[in-house]
Amino acid sequence: MKTFVFTTTRDNKVPRSFFEALTYGGSLEGSEIIALVAGPLSQDQETEMQKFGRGQIFHFNQALPQWYDTFYYLHLIQSFFDEKGEPDLVVLGASEINQVLGPQIALKLSAGYVARVISLPIQQAPWRVKRYAYSGKIISHVELKTEKAVFLLSANVLSPIELGAGNFELWNALPAKGEGVEVLEIKRPESKQLLTEARIIVSGGRGMRGPEYWKPLEELAEALGGATACSRPVSDEGWRPHHEHVGQTGKIVAPDLYIACGISGAIQHLAGISGSRVIVAINKDPEAPIFQAAHYGIVGDVHKVLPVLVEAARRLK
Amino acid sequence: MKIAVCISNVPDTTTRIKTDASGQKIDLSGVQWILNPWDELALTRAIELKEQNVGMIDEIVVVMVAPSYGEATLRKALAVGADRAIRIDNDPADSYEAAFELASYFADQPADLIFTGIESADFNGSATGAMLSLLAGIRFMPGVSGVFLEGGQTIVHQEINGMSLRLKVSPPLILNVQKGIAIVPRIPAMRGIMAARTKPLTVLSPKKAGACAQVIAYESLPPKAAAKMIEEDNAAMLIEVLHNEAKVI
Amino acid sequence: MDFQFTEEQLMIKQAARDYAQRELWSDVIERDEKAIYPEKHVKALAELGFMGMMVSPEYDGGGMDTISYVLAMEEISKVDSSVSVIMSVNNSLVCWGLEAFGTEEQKQKYLRPLARGEKIGAFLLSEPEAGSDATSQHTTAVDMGDYYLLNGTKNWITNGNTASTYLVIAQTYPEKGHKGINALIVERHWEGISVGPHENKMGMRSSDTHSVMFTDVKVPKENRIGEEGFGFKFAMQTLDGGRIGIAAQAVGIAAGALELALKYAKERKAFGTEIINHQAIAFKLADMAVKVENARNLVLKAAWLKDQHKPYGVASAMAKLYAADIAMQVTTEAVQIHGGYGYVKEYHVERLMREAKLTQIYEGTSEVQHIVISRALAKGELLP
């Protein structure tokens, strides 16, 4: 069984979700990995690739289009299949680009598509996997009617295992670009990490009282090497930028650690964080629903607790 | 110019999701159905565009693939400001089946801008828009957080993979919309509710391509242990347990 | 017998709920505390058509039935009765009164902007020495040939300062008693009108309640509603309908308190379990739910009778009496369930309790409702 894994690079790096997908694909019986990494990579990333790699990994070492040109990526992948043969299974790590490509690759391969997969397959013929449904309120078992399958994994489903058995080589193609799109402006938000890929997220809610009180929260994120996020009321009030909004209608995140500061834990917010491995709640209201979802909790004033945490986190590092 | 908004009907966010006695189906009794939150924002933006660009947009059509119980939601969309509603009479088991019905509809009834919400709050597959694009052969714009019309051109704000872009692109387009497309979903006004009485809602028979995937069982989430509480005065302990016990930092 | 709401009625209920929970909730405590008039909310609700929702579309209204109106009133009142009382006065007293009894000219000139909610109306009946007893009006409207000369003071006037259109009840022929009373349309900006300070109320603190003084105000004859001497009948008939709105408000206050108490009881733990698992709390909640349901059904019955053009005066009196009384009881229990938290403003229930009290007093006190009901009983009107 030929298993295809795909990722694009960002800032010359391979996202961790790629290694998660490699590990997932490699864990299946009779699976032969054939992977494609699109975009430039830094030297140390090639070492990383050797560490976690498995099967055959091809590197398409070209600058990627400035805008998200689905036509281009689809054409790139089609060229790859034309040359290396069509896969039986596609495993995609959680990323916004894969979220769009997954369904389209599935159509190309006449494969069944399952998004937000949270476990290794229950069985392989026919394919049967588990996934979250109803915004994380229940788990569904999905069975495919097709021989081929495309799985988009939930973030943090498994930890990448170091195998160091990969074969890494360059591969080139000339994908066609989508015509008729003019790029007027490109901006990169200040945050260095994508929320959807961050391992640690420190998030603030209305209980933070106002944008001027965000400093200790940012300091904690920095001390832990994490990203900052916020709840919906905070982004609606304009205290923090929209792209930081975590929740049902914002970003769905699944970090190792999610620290909720002054967030009451409305059901819409919980829907966005339910995939987190460890949730910490800091809130002055002991009845706040966030404590029901949390693994660790502190009932107290965020403005007193945060500076203490910042100091402790700095000592740890 | 014609705008179509693909909408779906989902259980209200606060609904407790439970399975029926068989464990294989969601118990839909007592479920309050709502317009999928992203689709609601898409519709809101479509109406804003029509209001802001007087005379430019001929009509806004809402299209839903659903059994008859979806009609209340369609009529709400009409009350909010859509001009016409289409229900394709199928209960799709997966995104492919839904996308196939929509693609067949748009092959027959093209639209310049087709809005799809980034995901539906029931199956959260985030796949229908992308599949529709490929099936219908219409350019797909994912991660759309803003759309404006300027002289026959469409200006699209795209936020994806940590990048924020402003693009100029010509219709036809499928806009997969996310957060930011509109801020507050529109509430139907009395005038709109009255007007909806006479707006057409057409039911079309499905093409029934058949699904590629089906849910065969549900499983509830594993129970969660109570949170371990740390005293406020001892807050630094938290960093210690996250490091030594949870091993996440 | 059919207890099924129409899809449209449910849509209106949901629209009101969405607005209340999404927009009114976030700043209601501040508005109450500082007694800030909810200007932007009144404007937004007007744009949605809630300020003239029962007026015929012919006069720019929403054309909705009374059932829809009470459902909307309930949802708004769950969050903020200062807003719903503005809505109630405009809809069921001012707009309804004008539509039912006004001339075509009056409707064109005054009803249209009121129905659109561009202008807000007030109903001026109560006086310093005549609250419940509407037959003894001290405000006079002396017939001067072409116009009436209006003098006197009106008290406790909701929308007293913000309204641009007043419906004023005044005595023209004292010798004729209540048959000498007229109802006049008065514009707020006319000469001789002064408005007293904002009343510092116990509850519904952000609705603007004022006294209004008239000194030699000239009211053109064409601004009289109905025939000469129709004023008392006008006031009584209009108040019959108004009571339905206030009864719906009381149901909303009670239902809002019940929702909050239920949510709290499911979250709050005591003696190792959520307090809803303690019978003392659970039974309280059950009793509260029965009362709310009962009151709601009385209100819906009155609204239904009105929609069917059947007599609804007694039904609306019953609805208002019962709903106001249980609003007081249910909100008090909601505070009790919340314990100490219930006594602080952050948890909303103390405010609902303060708001509930007013529903037993205005637009006919509970005592007046008893009179209406008992007189009907005496006349045998309630017998099948």
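Going in written order, the chains are labelled A, B and C, and every chain counts its residues from 1.
One rule holds for everything that comes next: contacts are C-beta pairs under 8 Å (C-beta built on N, C-alpha and C of every residue); 3 or more make two chains touch, one makes a residue touch a chain.
Remember, predicted model here, so these are calculated numbers, not experimental data.
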Practice problem: Take each protein chain as a node, join two nodes whenever their chains touch, and name the resulting shape: line, ring, star, complete or other. | Solution: complete
Practice problem: Using the touch rule from the top, point out the two chains with the most contacting C-beta pairs. | Solution: A-B
Quiz item: How many Å are there between the centre of chain A and the centre of chain B, using C-alpha atoms for each centre?
Solution: 21
Quiz item: So how far apart, in whole Å, are chain A and chain C when each is placed at the average of its C-alpha atoms?
Solution: 53
Quiz prompt | Centroid distance [mean C-alpha coordinates] between chain C and chain B, Å | solution = 39
Quiz item: Can you list the chain C residues in contact with two or more other chains?
Solution: none
Self-check item: Parts of chain B lying in touch with chain C, wherever the complex brings them together
Solution: 72, 75-76, 79, 184-185, 187-191, 193-194, 197
Self-check item: chain B partner contacts - residues on chain A that touch it in the complex
Solution: 8, 10, 66-68, 70-71, 74, 95-97, 99-104, 106-108, 111-116, 128, 130, 132-146, 178, 180-189, 191, 194, 199-200, 224, 236, 242-243, 245, 248-251, 256-257, 267-268, 271, 277-278, 280-281, 291-301, 304-305, 308-309, 311-313, 315-316
Self-check item: Residues of chain C touching chain B in the complex
Solution: 7-8, 10-12, 14-15, 18-19, 22, 47-50, 53, 57, 61-64
Quiz prompt | chain C-facing residues of chain A, complex | solution = 233, 287, 289
Self-check item: Contacting residues of chain B [partner chain A, same complex]
Solution: 11, 13-14, 16-19, 26, 37-38, 41, 94-96, 99, 121-128, 130-131, 133-135, 139-140, 142-143, 145, 155, 158-170, 176, 179-180, 183, 210-221, 224-225, 227-232, 235-236, 238-243, 246, 248-249
